[in-house]
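Letters A, B, C and D mark the chains in the order given here, with residues in each chain numbered from 1 onward.
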């Protein structure tokens, strides 16, 4: 064996904590909003982080993220990362939360499993018992009131869906981190819930984000102001209106309606 | 070297046993029915599990399965997994069996090798000497009586094929888990047999499943009731009849017969 | 577990130092010019290595490079590699430098992270504090005076760009080693700068190389003769002129201007 | 960290020696003939193994080979493997040899590096100093007398090419195992030579095999009977004649000559 060769794993993950002293959290809920179709989950979690004035707990870097640095508006570049925030409950009857957002999901199915393990490792340090992921259910059509679908790792959670205005999924699958996080959570004795906001898939959809966030807040019994999110909902509605007018005009002119194109969304999916 | 980086393997496998105490099994046969073309092997193994009233031994989770959770009809979601069942022989002249079924095969050739190793590791705990895999031989045509082909790791097994109405393959290869499991078994001093049921490749083919199951039962000297499987065979026959009528009608109308499309089969292959 | 099986990592890196005794360097700048579009960075670094009469420090071999040997003009073949050179400052007010050039970048995003880690490990042995990568900004058009864009890991570096005639990027990303090297450098407490030379993407562009090299030399306060590089700039200008004439002639003849084809460039990108 | 999860490397290699006692070999040459275009190298090595009556030293199995078992004509199936044979010199002035042949090359660039390392590890047990790989140089045209090209890891080897009727390559690269084996050999202080037989790429080309084998035998100073190989050369010539006649007939009929199709070759490349 050639001793000069350094053996390397294919994947590395680097968790950089913001402080040496971890905060004291009481079995916080873990709530994850990964970038994905329509940025439904990410917009919801980013709003939650903002309104709860959540604090940065740790940055997660990984060789399983895209091989890029992201350039901020001030010219400073940073490796692609996921970030975990936390917020302590404002009163004893409420719940502490850990909130995950990020620039990107992992680039391969295998590395998604590994990243999910790491996120749950971090959460386990605080004795997390319940995990939520915020996802999109892509339908291809615009709707006025996006429905929210749900699946969970335990039947007692599923039974509570109807009273929270969440439609229970009864077939299919949830692909990617939103599924893996709750699936692996179950193997570790945690309970997992995935909420999916109905979205067309054509636009960044703050409307679907608001729908799932409302249901989530009801489930976890947390109150936050939604004013800023409602402004984004208005943006979404105007964008949809513009698209629908263009489609209608083409139809009037006897043209093919054409294929709706996804807008350039600036995030990395 | 940056000490903050956690080195991770590319692949993890998690075997969750149903009980701390492993059952007492006498050199059980390992019989594997992975999902694949026509679900020939999986339908056969699932029928065997049902009729033998087999007990759950272990669930196998792996980062080399697709990055999904599967949603059951009751709304509860589970990670994609393979499951091993076992059944003790009803009398001392018969054989104990270990039965493998699953939602999916591994997603890459390399991880298929690793999964095959793990399955054989589990089986080796019980001193398994003989391994069987149930596969499909895809022909592109519908047949009335599906033939069963076979290959094995040892020539003395091959010599017994003709008396069991199994046609010996003499060229080609078996791709995927059905091949790897018996190939690696041989390296460990076990004997492996792969039975392949003739199937069109266009339908979920319980008829081919019954053909290989009959040959397998003859080889391993186990008796099970086939009534429920025969009901599924009827479904397969009706589906094939419907397809053949449609093709004939198009031919009468002078149309191109078109390409047969695979039906949507609900499983993950 | 089968003990005959040798477990192997997916990736290996082999660093072969030119001498057992490492040179004495004073916090040298690390400057990287990887092969990429237009060979903008590689031509610049190769010129620097030549003019500084830099000495070979180490060759880096890796299983994450393409599976090839490169044949030299004398018939001798060598594994694809990256090579690190060094040059000690000619006077005490100047800076020592470590210079990286290579035949190829790594073949996958994950192995690019690992290679970047190794390069920074080597550089860290000499207490490197500042890292520079030389990249291309592909525009699809020919320009007379290629602009130079920049991004950095720290805002105090970004603030110096304007006085060095470097345009600050304020969005987008830098993909590949040029981004990862400075992104990971920041995690290790080093400062990173990426300079990107404007290039059409159609030709090996020594003109863009000269633009970034001039800015780099100004930033790192090193002087080198540019005569040889200016000869290559003339080659680039003649090549561009030829292409533009051909396009103009086709336009005169009423033909489609056609798609500009990348020239065969002899390097491995 | 979840202790239930078993961490697995992505790649495993299993070397099964034919005997516990390794043979006594005196710095044997390692000669490799991997399956590749025209099976030029594999036909040559297989002929050498036959004529030297070489003995099986070891089988190499790896998760980086295709996920298949190969079925022999007698119905027995085996994992895809590479096999190393050895032959002791018939007299003291000649050389011992280690000969590598196989069903397949590894499936990814990274695993080719790892496999090459393992093959050289085995060879190093016997103090091998010189390594040869037998490859194809694909030209797209049929030739009467296939030329043999060469490249080597050391210039003193290259200097001997002309007296052996080997044309020295002076640019380009050798892709795959034939390149990696000699490239890595050099890093370990061994000398490597790659001989490439000129072949059309359209047929299994025993004629090119004979050309490189003749040059190799001259270089390593070994004599073997070529009668059986010459029979295969006749088969190749007849196949080429048939193809050329068909092309000529189509030309006479005013048809497009069409694209030459590779014949179905029965091996796994």
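Criterion: a residue touches a chain if its C-beta (ideal position, glycine included) is under 8 Å from a C-beta of that chain, and two chains touch if they have at least 3 such contacts.
Not measured: the values here are computed from a predicted model.
For the pair chain C and chain D, the fraction of shared interface numbers is less than half, so the two copies use mostly different residues to meet.
Relative orientation of chain A with respect to chain D corresponds to a rotation of 180°, obtained by superposing CA atoms and rounded to a multiple of 5. Of all chains, the one whose CA centroid is most distant from that of chain A is D. With centres set at the average Cα position, the gap from chain B to chain C is 51 Å.
With each centre defined as the average position of its C-alpha atoms, the distance from chain A to chain B rounds to 36 Å.
Counting partner chains per residue, chain C shows two or more touched chains at residues 2, 4-5, 8-12, 14, 16, 111, 117, 187. Chain contact summary for the complex, chain D toward chain C: residues 8-16, 109-114, 117-118, 150-155, 158, 161, 168-177, 179-180, 182-184, 186-187, 192, 194. Contacts from chain A toward chain C in the complex involve residues 2, 4-12, 14, 16, 61, 63-64, 66-79, 107, 111, 268.
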